[in-house]
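Sharing a structure with you now.
By letter and in written order, the chains are A, B, C and D; residue numbering begins at 1 in each of them.
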Amino acid sequence: MQGIKQGITETSGLLGFYQNVRGKTEKLCEPLNIEDYIPQPIVDVSPPKWNIAHTTWFFEEMVLKQFSEGYREFDSNFGFLFNSYYNSIGERTKRDNRGDLSRPTVEQVFEYRKYVDEKMEAFLKTALPASVKELVVLGLNHEQQHQELFVTDLKYTLSCNPLFPAYHPDFILAEIGEVEPSEMIDIEGGIFEIGFAGEGFHFDNELGRHRVFLEDFSISPNIVSNGEFLEFIEDGGYADHRLWHSEGWDWVNENKVAHPLYWNHQNGEWNQFTLGGLRKLNENNAVCHISYYEAAAFAEWKGMRLPTEFEWEAASEMFEWGLRWEWTNSAYLPYPKFKKPEGAVGEYNGKFMINQMVLRGASVATPDGHSRKTYRNFFHPPLRWQFTGIRLAR
Amino acid sequence: MQGIKQGITETSGLLGFYQNVRGKTEKLCEPLNIEDYIPQPIVDVSPPKWNIAHTTWFFEEMVLKQFSEGYREFDSNFGFLFNSYYNSIGERTKRDNRGDLSRPTVEQVFEYRKYVDEKMEAFLKTALPASVKELVVLGLNHEQQHQELFVTDLKYTLSCNPLFPAYHPDFILAEIGEVEPSEMIDIEGGIFEIGFAGEGFHFDNELGRHRVFLEDFSISPNIVSNGEFLEFIEDGGYADHRLWHSEGWDWVNENKVAHPLYWNHQNGEWNQFTLGGLRKLNENNAVCHISYYEAAAFAEWKGMRLPTEFEWEAASEMFEWGLRWEWTNSAYLPYPKFKKPEGAVGEYNGKFMINQMVLRGASVATPDGHSRKTYRNFFHPPLRWQFTGIRLAR
Amino acid sequence: MQGIKQGITETSGLLGFYQNVRGKTEKLCEPLNIEDYIPQPIVDVSPPKWNIAHTTWFFEEMVLKQFSEGYREFDSNFGFLFNSYYNSIGERTKRDNRGDLSRPTVEQVFEYRKYVDEKMEAFLKTALPASVKELVVLGLNHEQQHQELFVTDLKYTLSCNPLFPAYHPDFILAEIGEVEPSEMIDIEGGIFEIGFAGEGFHFDNELGRHRVFLEDFSISPNIVSNGEFLEFIEDGGYADHRLWHSEGWDWVNENKVAHPLYWNHQNGEWNQFTLGGLRKLNENNAVCHISYYEAAAFAEWKGMRLPTEFEWEAASEMFEWGLRWEWTNSAYLPYPKFKKPEGAVGEYNGKFMINQMVLRGASVATPDGHSRKTYRNFFHPPLRWQFTGIRLAR
Amino acid sequence: MQGIKQGITETSGLLGFYQNVRGKTEKLCEPLNIEDYIPQPIVDVSPPKWNIAHTTWFFEEMVLKQFSEGYREFDSNFGFLFNSYYNSIGERTKRDNRGDLSRPTVEQVFEYRKYVDEKMEAFLKTALPASVKELVVLGLNHEQQHQELFVTDLKYTLSCNPLFPAYHPDFILAEIGEVEPSEMIDIEGGIFEIGFAGEGFHFDNELGRHRVFLEDFSISPNIVSNGEFLEFIEDGGYADHRLWHSEGWDWVNENKVAHPLYWNHQNGEWNQFTLGGLRKLNENNAVCHISYYEAAAFAEWKGMRLPTEFEWEAASEMFEWGLRWEWTNSAYLPYPKFKKPEGAVGEYNGKFMINQMVLRGASVATPDGHSRKTYRNFFHPPLRWQFTGIRLAR
C-alpha cells in the first residue's frame, strides 16, 4: 500500500523510529492527572486513555497477532475495547461510549503499552519482509495522527471545564504563531502532477500520481490572522446570509455561532482558551479552530475563495505552511487511480470519501515530519476542534 | 447570468415558450383530486398546491413586481406563503410546514395562476430588455424543474398510502425503459473542455467553460438494470460492510435498507410502486430510486466505480442518456470561474455547493428539452425519491 | 361495561340518539372546504377526514362486523386506515401519518358514512340484546368525543396558517364566555362518595363508586379570566422559576412560552386566534388553552392551588361549570374497584392511566349532554390545544 | 420544616451523627480507583466525584456560608460546579455535563471535604438555634440519599463496561435477599391517618398528617421473586400488549426490553450483573431493577394490582420491607396540607411533584435508619437503575 522511507528500510532504523514515536506519546502524557484520561465530552473527542490504548492495539492486532509467531495477547477483552472502526476485525465499543469506561485503569493501559513495546522491539530485531515493515510504519504514522488527536481532544475537554485548566503552561508557545500580510502569488495555469511520488511513507489516499489541468490562479503566501477575522466579525459577517452556504447559515443559527471556537468575549475584551489556559487574544496570530463554513464565508466576504487541493499542492513550494490545517474547496474523493488495499487496512481511508472536505498542510499539533505537501487530511464542514485556519485564493 | 435560446430571442417566441411551459404544468394537474394537492409526508417533498403556486410566485415576485409598471399583486400574503428559499426576499413558510396549509384553496391558487398568466402575457407582448427576457426564461426553466418535482413528489406521497393509488394508469409507460448490456467504451485521456458554451439557456453553475485533464478511462454505454441490481441483493450486497462508505453503512443499518425505494417483496415476488400503481418488477428495466450510497456500493461490488462528472460530460456524445439521473463521483462544487449573480437569483445555485453529489443526464420525469449534456443536477447522498440510476466506469 | 340512559333503552330512543349524533358530526363539516379535511400539523391533531372516518369505523368494526349477520364491509382497507389505537384489532396507520393520506377522497368517506348509517339504522330497528345497545351508546359517546376533537384539532390547524382563516364567523360566540369574580366557597371535610352511580351512560373509568375522605377546603365558584392571567404575565410569572414545577420550567424555557396558546401580541395589543378568526382579547372572558404547568404556576402565584378531582366532584353542585375543561391536581389513575372490560373496548381508558392529569367539567366544544359531574377527562401536562382553563382551591 | 430526632437535640448527638454519616460516605469510596470517580454514562447517573463534592457543597452553601460568621469558602468556583438543581442559588454545571470534568482532582475534592468537615465540627460545638440544627440534619439525610445514589449510580456505570468489573466482591451479599411466598393479608377498610407525626426527622413531603378513607383490600406480605418474574417472561409477558400501559408498551418496543435491567441471558442460562460482578441468577432472590411499567404489567398478568401508597403505609406494620423500593400505584403529588418551605430548601421536593410515581419502603442500598414507613421516594415510570421491586395487592 505504501513505500517506506529510505532511511528506515534497514531494521535498525525502523526500531529507532518505533521507539521515537512511542516515546513521544508517553511524553505527551506527562502533564496529565489520572482523572484527565477519562472524560469524553462529545463523540468526536476520544479520552486520552483510549487514544494511547488504541494505538497500542493497532500493533497488537495488525502486526503481532498476524505475524509474530507464538504471540500471546495481553488481554482478550482489549480487542473489543480499543478497536476504532475496523468492521473487518469485529465488534467494538460504541464510539460515544469511550468515556464511560473507568477500567482498565490507566496503570493497566501503560502495562499494556509496555508489554506490546517489548514484544514489538524483539520482533523488529528479527528479519522482516517488506510488507510487514510497511505495516509497522503505517502503525507509527497512525500513532502520530493520534498524537495530534490527543492534543486537540484534550484541549476540547479542558475547555468544557469552567475552571479553564491548563494542560501545560509552556504549551501556549506552540499554539500561537505570527502571520504577516503580503501580496498574492500568481500561478500560471497548465498541467500539474498531483499525488505522491517517490520512496517515503504515504497514505493510500495520496496515490496515484496523476495529471490535473489548472487555470491561472493567485494564492496568498500567508494565512488569515485573528485581526483580519475580527474585522469580519465586526462587519457583521456572522449575520449576513449572503456570505454563507445554505447549510452553513443553518449551522450558524442553530448553534448561535458568533466567533471562532474557544474565543470568549468578556468585559469588552477578547480572550481565547489555549492549552496554557485562558489568554488574551493576539490579533497578529493565525486564526484557528475555524469550520469550513466559516472559512468559506470569510473568503466570500473578502471577495475571494478557498484554493482547491490541487492549487494548494501545485503552489505549495512557494509559501510556508504548517501552523494550521487549511480548508480547501475540494471534497474528499478518490484520485483517479485510487485502490482500496485488501483487508482491514483497506478501511483506513476509502470508506470516508463522502461529505468531507480536504485540508492541506499541517498544524502546530502535528508531529514533526508527519505531514508533507501531498498529505490529505479531511473533516466534515462544521467541525472546529482541530487546529484549522484559512488561506485565500482568487 | 445566462443566454437565451436562439429561437426565442424574438418576443413572440418567448410568449409561446411561456404558454407552452405553463400549460404543461396544468396538464400535469389534470388527474388529481383536490385532496391530492395537500399532503407533505416528508420535508423533501412539496405538495402539488405549493409547487404550482411557487412557480407562479417566481414570475410575480421576480418579474412583474420588479419590471411591470403599475402591477398590483394578487394577494399580499402570497409572498410569504410561496417563497421557497430566497433569504434576500424575506420571511417565508418553513419548509416542513407546507403541508399544513389548507388555505388558500386549490381554486384560489388556480385563480392566482390565471391572474399572473394574463399579466405576464400582456407584459411579454411589450418590448423588453434582454435581461428581463433572460429572467423570464430562467423562470420557465425553474418551472420545468418543478414539473419534475411535481411528479417525483407526488409519487412519494402516493407511495405512503397503503391503498397504493395510481396517479394515472398511462404513466407507467414513462417510468419503464429497457436497457441492454453491452461493452464498455474506452476513452483516451487528455484535456477536455467542460461547461456550457454557446447561445442557449443554461444555469450559472454550468459556467464558465474550462479545461480539465482526464486520464484514460472506460465508461458503460448503458445504465444498470433491475436484474443486475437484483444480483447485488441476492449476493448479500446490503449486508457486506466492505462495499459501503462508512456513512452509507450507517444509513443502511439505521434505516434497515434492503432494496431500492418503492420495491416491495410479497409472496416471493418483487413488485414496484409506480405512478400507474403497484406493478410486477421487470428485470430488463433500468434500476431507479437509488441513493448515492447504493450506487457506489453497487459499483464497488462490480469491481468498478462511478464516473466523475467530467468523464461523463466528455463521453456523453458516445452513449444514450435521459432515462434516469445518473449519480457521478463528483461533489457539487463551483467551476473555476463560477460567479454568483447579484441579487436574489444569486441564491439559485451557489449556496448549495456543499455536501451534495452531482447527477448528470435527465430522467423520464424531466420535461423535454430541459436538460443538456452540461446540466448539473445535485442531491444529498442518501436521497432516493428522484428518478436516479447508475452508470459504471473504470 | 356501562349502563344505558333510561330514555334510550327502547330501541326507538337509541335510533333517534344515533341519528342525532351522526347528524351533528355532519353539521360540523358544513363550513369546510375539501382542502381543510387533510392537514395534520402535529401528531396530537387528527385531520377532519380521519375523525369522521374513524368514528364510522367504530360502528363497522365493533358493532356491524361482530353482531349484524351477513354484514359486508364497505372496503377491506378501511380497517387498517381508520383504527386509532386498538392493538387487539390489528395493524393501523401510524398516528403521525394520518395527514399523508389524500385517498380515500372526502367524497368516498362520506359514502362510507352513508353506507354504515344505512346498515346501522336497519340494525337498530331489530331486537337487540342490552350488551349490543350499550356498545352502540358507547360508540355514540365516542363520536361525541371526536366532535370535540374535530373542533379543537381544526382550530390548531387553522392557527398554523399565516392567513388566520376562520372556520365560521359565528363560532366566535361559542368560544367566549364572561366570568365574574366572587368569594371562595368553604366546604367542610368528611367522607364523600365519588364515582358514577345510577342508570345513565358513563365510561369505565368513572366506576365504581367509592368513599374518599376530604379535609376542609375552599373552592372558587368561578374560573380564572383573561384579565387575571394578564396580571400573572405582567408580574413576570413566566420568568419566575419558583412558581413552576421543575419539568414545567424546562417546558417554558425550551418552548419559549410567554403567554397562552393562540394569544398574539402585536402593536401593543393582545389578540387571540379563534374559530371566527383573529380577535381582540377580551379581559372578562375565561382564560383558555392553558397547560397544566401554567395552571399550577398561576395557582402558586395566587398563593392557592388546584383542586383535586375529588374536591371538584364533591363541590360541583355548588358552582357552574362547562365553559372550559378544568385541570385538577389529581393524576389519572384507576379508582379502587376499576376493572378493564374484556376485549378491544378494554383499551378505551385503562391503558392511558399514567403520566396524565385529570380534567373535570366540560368546555364550549363539548357536545350538549355529553359530560357530567363524574366525567374524567385526561391529558398530558404540557398540552394546550384543548379548551382548558383554571379553577382555584385552597 | 422538619423536626429533629429526640436523641440528637443535644449538640453532642448532632456532632456524632455528622461524623458518622460523613465517615460512611468515605467508607463507600474505599474500593474505588481514581478512574472510577469520573464517568457519567447517562444523565440520571452522577459520577462519584460529583456525589461526594455535592454533599459537601450542601453544608458549605446552606450552613457555613449562611450561619458561620467569618467562614471563608474553600474555592469560589465550587458553588457553580457542585450545585445540583437549586435555581435560587444560581447557575450550575449542566446535569449531563458532570462527567466531563476531570478537575478539580479527586484529591482536591477530598481536601474540600476535610476543610468543610473541620469547619462544621467546630461549628457544631457552638450553641446553635434549633432551625440551624434542623438544616444540618437535613444535610445529613441528604447525604444519606446520595450514599444510596453513589451505589446505584456506580452499579450502572460499571455495568456499561464489557469487563463487568466488581465494585467489591463482598457487596454481592447485600444485593441478594431470599423471599418466600405466603398468603395475602386482608385489611379492613376505614379511615387511616397518613403522613408523618412525631418528633424525628422527616421530609416536607411527608407532612402533614391527614385522614384517608380506604376500601377493604389485601396485600402480599412478601415481594416478588426472580423465579416468579421468570414465569412472566416465559409466559410471553413482554410480548402481550394487553398487560401494558400504552406508554409502557411503547417503551418496551422502542428499547426492546425483554428482561429486568442487568439480567443477561448467555448459553441458556440467566446471569445478573451485581456490584460483586456477574453472577448466576438466583430464583429465590427478590426481583430488582424493575420499571413502574414492568411492575404494573406483572401485576396485571397476575390478575392483581400494585398497592396505593396509602394502602402500603396503612398496612406496613404487618409485613417486612427494606430489601427493595416498592412501586406503588400512586402519583407523587402533594398531601392536602403540603407547604413548600421558604428559600432554597423549598426546591427540595415540591417542584418534582408531576409525572413521577411514589415508591415506598427502602432498599439494600439505603443507609440504616434513613427510611421509615411514611417516607416517600419517587421516580419516573421508565427508570430502572434504582433497587426497585414489586409488592402485589388486590
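Basically, contacts are C-beta pairs under 8 Å (C-beta built on N, C-alpha and C of every residue); 3 or more make two chains touch, one makes a residue touch a chain.
Source: prediction; values computed, not measured.
**Student:** Which chains lie in contact with each of subunit A and subunit B?
**Tutor:** Chains touching both subunit A and subunit B: none.
**Student:** What chain is the most remote from subunit D, judged by the mean position of CA atoms in each chain?
**Tutor:** Using the mean of the C-alpha atoms as each chain's centre, the farthest one from subunit D is B.
**Student:** Using mean CA coordinates as chain centres, what's the subunit A-subunit C distance in Å?
**Tutor:** Subunit A and subunit C have C-alpha centres separated by 58 Å.
**Student:** Counting only Cα atoms for the centres, state how far subunit A is from subunit D in Å.
**Tutor:** Each chain's C-alpha centroid was found; their separation is 45 Å.
**Student:** Note the residues in subunit D that touch 2 or more other chains, in rising order.
**Tutor:** Touching at least two other chains: none.
**Student:** Quick one: which bits of subunit A touch subunit B in the complex? Just the residue numbers, please.
**Tutor:** Residues 85, 87-88, 191, 210-215, 217, 241-242, 244-249, 292-293, 296, 305, 329-331, 333-334, 336-337, 346, 351-355, 357, 381.
**Student:** Give every residue of subunit B touching subunit C within the complex, in rising order.
**Tutor:** 33-39, 41, 49, 77, 80-81, 93, 97, 99-106, 157-158, 160-163, 165
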